[in-house]
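Next, two complexes with chain A in common: one pairs it with chain B, the other with chain C.
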Partner chain A sequence: MNETAFKNVKSLPSSHLLGTGTPMCAGCGGLEALHEIYDVLGEKSVFVNAAGCMTLLAVYPFTPFRGSWLYTAMASAPAGAQGIRDALDILKQKGEIEEEEDLQVVTLTGDGAAYGMGLSATSGVIERNLDFLYICYDNEGYGNTGQQYSGATPHGAKTATSLGLSGFAGYKKPLFDIWAAHRPAYVATVIGAEPLDLARKIEKAKSLKGPRLIIALSPCPTGWDFDPKESVNIGKLAVKSGVWPLKEYVDGQVVHTKLPTRRLPVVRYLETQGRFRHLFEPERQEGLLKEIQQRVDEYWAAVTC
Partner chain B sequence: MKRRLLTGNGAAAWAARLAGVDYVPAFPITPQTEIIESLANWIDRGEMPGRLVTLESEHSMLTAAGAAAATGVRVFSATSSQGLLYAMEMLYTVSGWRAPFVLVNVSRGLSSPITLEPDHNDILAARDSGFLQIHCATCQEVLDSVLLAYRLGEDNRVRLPVLVNMDGFYLSFTREPVEVPEAEAVAAFLPSFQAGEIRFRASAPESQAVAVLGGGPYSYFRYETHLAARIAIQVYDELADVFEQSFGRRHAAVECYRCEDADYLFVMIGSFATKARAAVDSLREAGWSIGLLRPRLFRPFPEAQVRRLLAGRRAVAVIDQNLSFGAGGVLYAELAAALYGEKAAPPVLASFVGGLGGRDIPPEEFYEIARLIRDAAERGETPPPRLLYTEAELRETRKLQAIAKVERAGLGAKS
Partner chain C sequence: MFRIRFHGRGGQGMKTASRILGTAFFLEGYEVQDAPRYGAERRGAPIFAFVRADRRPIQERGIIRQADLVVVADDSLVPVPAADVLAGCDANTVLLINSFQSAEVWRQRLNLQGPILTLPAMEDVEDRAELPYVGAACAGAAAGLSGVIGQTSLEQAIAEELGHLGAAVIAANLERASNAFQSLSEQAGLVKPGRTFSAEGWQTPDWIELPFEQADVSAPAIHAGLTSEAIKTGAWRTMRPLVDYARCNRCWWVCSTFCPDGAIRVDEERYPQIDYDHCKGCLICVAQCPPHAISAVAEHLAAEGVES
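Up next, the complex of A and B:
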């Protein structure tokens, strides 16, 4: 990342292209990430949205976007991106629109669509080498319906459909690996709490052609049960504890963009959120806590770059 | 103008080619596949411009179709049966985008049990989707209706996607002589698609299909779509005239065959209506005063024309090639609704269900239906709905069941 325009936090854009006053919850980590992404991406874009929290960004007749927007359905936003991209290419080829009328096509979905219902459509567009950007705001559950567990929910988390003492019995699906296995142009994980890392990745994604896919871990005050003012801190803890590795896939290689040399214990991250409170109260569940820590340790033990 | 022997699928593909479609999102399904194969081959060989992309499902196919139309290109796609149902969420969704395109459906009975042969439960499941619907009875009509459908859907008073329906096997795989118009004549009838303000451009940001809060704006957009579909009746009639002037063939919204003085009428949609047409000829020869009413336009439903054409008849038999479980024939209910309260409505409107999963309706069944409604008219009493099925068919099915039972018992004895 030598050619980056973003040398330090001070060089990040302060254009605030995305409008304010949206109906997202206070402290929404997804909206935080989107603000940062949009500033780098710019307004010559069309967002193709799937059913999720951010469907409510554009409520008739208002929109926070300077550019365009199309709401599709939960399963098929990538296919919507395919239709728009293909149509714009056809119009350019026929000479019916000028190059400067072209748009970056951006799919915007939550984890419910990205990890589950829309995975087949995503696989399809990567296979067809679609030139587009996918942004998944991952709040680790079906947030817009009250945080039921999804394919993105971490092991042990309490959700509206995993209220038992051990929380969610499954494990967070490795979407980064699934996407990367398709060998697209670019895959990256980001988080709004690390804006410099995020901006450089969007900058790089913007410079590439083909399928470029971004997963933004999105601390969710309502779904994860914490005070909205803690959103950024929790995001930082997710990275420092090693729970959310910041990495990118490009040219067949996975590279970690932030190697936490002295990782904080995972409990420091878990104890900040109500969804993990049952791991500490009324009895500390040592077995489960140990397992969660172990899985994070195993991940990092295998990381070489 | 060339006459070619074309299947219904071939006619649909030729129509898309002549319409100069820019974009074909595709997904294979029997009995529709020949349409997208033909287009793919023509595009690959450079015989037609345009781009064909095979999606990973019909749901994605319809999404891409709607999104491309909403970006301002002319789009064509085709599907059938389970594919149409798999895409159903997006049919309802993209019609609200007011981005016109044409989707050909090759009717095939729905699962379960799974079958390849035709009936209309697939297309009628899309009845309330906001897509307009044109039902074809011949391969020529398929070609002509696709061209009409583009003009109709793209008309600024309408701006809705259109489904053109043909029956699987009976039309899709049956070759008929089809007049294929010259490209220049089609270009004169169908100018290039004008997207107007509904398109994505960097200089003119546009939010499409956004969420609404509350029933006020929601109802506003739903009513808009409904009213646009209603205007499509008048627009269709205008276009039928223009089409006739351009190509010499008339495709009325409602076709009435030997209706002028008819006391009795069959009512059917699709290619099985040609069986009724043959029965009408035979019955006429035997002295019957009978005809056939065939709505081609099903959405919007041209009820004023249907009412006018049914007024004063003694009895009408509606033969539905579909079944709404627990209610009966869908077309029957549409006609009953159109006729209710009309002074000149025929006193007998009888319901028959047949042709499910490609089951034949032989001439003698039409004759029986004719006798039934004539007797009903004389008694002044509407007969109960009837499911067409013969004793022989029941015997055959029972025989299959008995064989299977014996075979299974035999396997059990061995193990």
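Up next, the complex of A and C:
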């Protein structure tokens, strides 16, 4: 990125567009990412929200947005975005709105919808080359209903539906790859704890046309079981340990935007969260810890840029 | 019938307290209902849970309006209208409150006729809301005040309800619950079962019919943004972040960017200004500030003007 307006952290926005007073949990990593994204995206946007934690962002008659917000069923947010985009295009065609009155159509869903229930609708809109932005706040479980496992839950994590000593038996679905395989205009991973990287990616996404999709890893004090004040520290550890690679797909290429030169051991990340405590207590599960570390190592061994 | 209501904040374990108490009553041979109730808000927001226990089948449903015992895990909830802590409190209601203030202060402040007790706490903590295992202590205290639950049933209920959390967690909860149970032994039986209500003799009230409004009046379109700012989430906070402006290096961005709620604004002088009407007290700013210019002070001390 050469022509970014975000040269360094000093150029990050100092006043914020998203309203306060939302009922998201104290220390919510998803809200943190969203408010950073909204600052860059701007108020000329309309949000299509799938059922999830952020359903509660706009509980009638209260909204933290400056523009409109539409609520859909869990699997249908991309379809809702298609409807709004089409309506805006028709209004433009008829000359009923001017080009500068046009809005960015933004789909906002959690990982339950993005990795699971809404994946088919997302595939459909990418196929139809819908001009929209998808933001997934990924807290690695169905957080709104008590953190049952989702397609985004990492291997070994305890959830409300994976209570055994070895936690969740499945593996986090490679949603970035699944989305990128559709060859959309843009795919990126971000995290609120790395606001400069996030701002540059949203800036780039905003400048492009077509399907643009963002996954924001969202440390969740309630679902991951940690003190809310650790939210940003845990986000930084996710990046430094290599668990959450920051990358983007554009023009058919995947590029890592932050290459951890000296990766921290994954246990440094895992030990901060109650959902992984069973890996350390009452007995340290060396086998499982080794497997988790190995998978991260294998990922980075294959990374060239 | 015993009607017992627990008030706390999401995360303090009031739902678990109601389950423990309900199971303990059940083990003593009672018919039991226990249920939590919370709105759409989460951790930090006011929630309540309630338990009904009777020797006969319970026909009552719904929330408990008139409780025989009200347990308050967090005294900062008392003035919060949404928490409705004092709902239905009368001369027969026992109020048990977790507070630094004495029962006498609360009696004067609330002008209540019924008995008021404070939760005995073993730990010396700055923030009473952060008392470890406050839920277990509340359940133990309620069991003790009922006078009909034995310590064995209380312990078995804790083991059953918390079994999935492992031996260490059970042991810590058992200790807190037993301490609270025993320290209230002199008051055992202070909470008396309330009378049973009957539908017989119920008469239709003298209603005044109010017709429904048209949809455009009762649910008008919102034409303004940012209306969520009318909701003061600052009431969630138990710890308050305070900026030491002499230490602040005016970095411009750290606390303001990382605050999930966008409740920190940077002014023209590049100093952060915290919006206490909306700050939920997550304390990310305290953890992130590079020169450690932000510290956390218990809300009750901050309200008295004490700086750390």
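We take it that the second predicted complex is superposed on the first by the 305 of 305 C-alpha atoms of A that agree within 3 Å, B and C clash if a C-alpha of one lies under 4 Å from a C-alpha of the other, contacts with A are read in each partner's own complex, and residues count from 1 in each chain.
As a convention for this text, contacts are C-beta pairs under 8 Å (C-beta built on N, C-alpha and C of every residue); 3 or more make two chains touch, one makes a residue touch a chain.
Since the model is a prediction, treat every value here as computed from it, not as a measurement.
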item: Joint occupancy of chain A by chain B and chain C, clash or fit; value: fit
item: Which of chain B and chain C A:Gly67 touches, first, second, both or neither; value: both
item: First, second, both or neither for A:Ile90, with chain B first and chain C second; value: first
item: Touching partner for A:Glu100 - first (chain B), second (chain C), both, neither; value: first
item: Touching partner for A:Glu43 - first (chain B), second (chain C), both, neither; value: both
item: First (chain B), second (chain C), both or neither touched by A:Asn233; value: second
item: Angular separation of chain B and chain C about chain A, which is computed from CA centres of the superposed model and rounded to the nearest 10 °; value: 90
item: Partner chain in contact with A:Val59 - chain B first, chain C second, else both or neither; value: both
item: Partner chain in contact with A:Gly27 - chain B first, chain C second, else both or neither; value: second
item: Lowest C-alpha to C-alpha distance for chain C against chain B (Å); value: 5
item: Intersection of chain A interface sets (partners chain B, chain C); value: 43, 56, 58-61, 63, 65-67
item: Chain C-touching residues of chain A, taken from the complex the two chains share; value: 9-10, 12, 14-16, 18-29, 31-32, 35-36, 43, 56-67, 163, 192-193, 195, 221-222, 228-233, 281-282
item: Complex contacts: residues of chain A adjacent to chain B; value: 43-44, 46, 48, 55-56, 58-61, 63, 65-73, 75-84, 86-91, 94, 96-97, 100-103, 120-121, 123-124, 127-128
item: Partner chain A, residues of chain C touching it in the complex; value: 10-11, 39-45, 164, 166-168, 219-220, 222, 225-233, 236-237, 252-253, 256-263, 265-266, 270, 275, 277-278, 280-284, 286-288
item: Contact footprint of chain A on chain B as seen in their complex; value: 22-23, 25, 50-51, 53, 55-57, 59-73, 89-90, 93, 97, 200-203, 205-213, 217
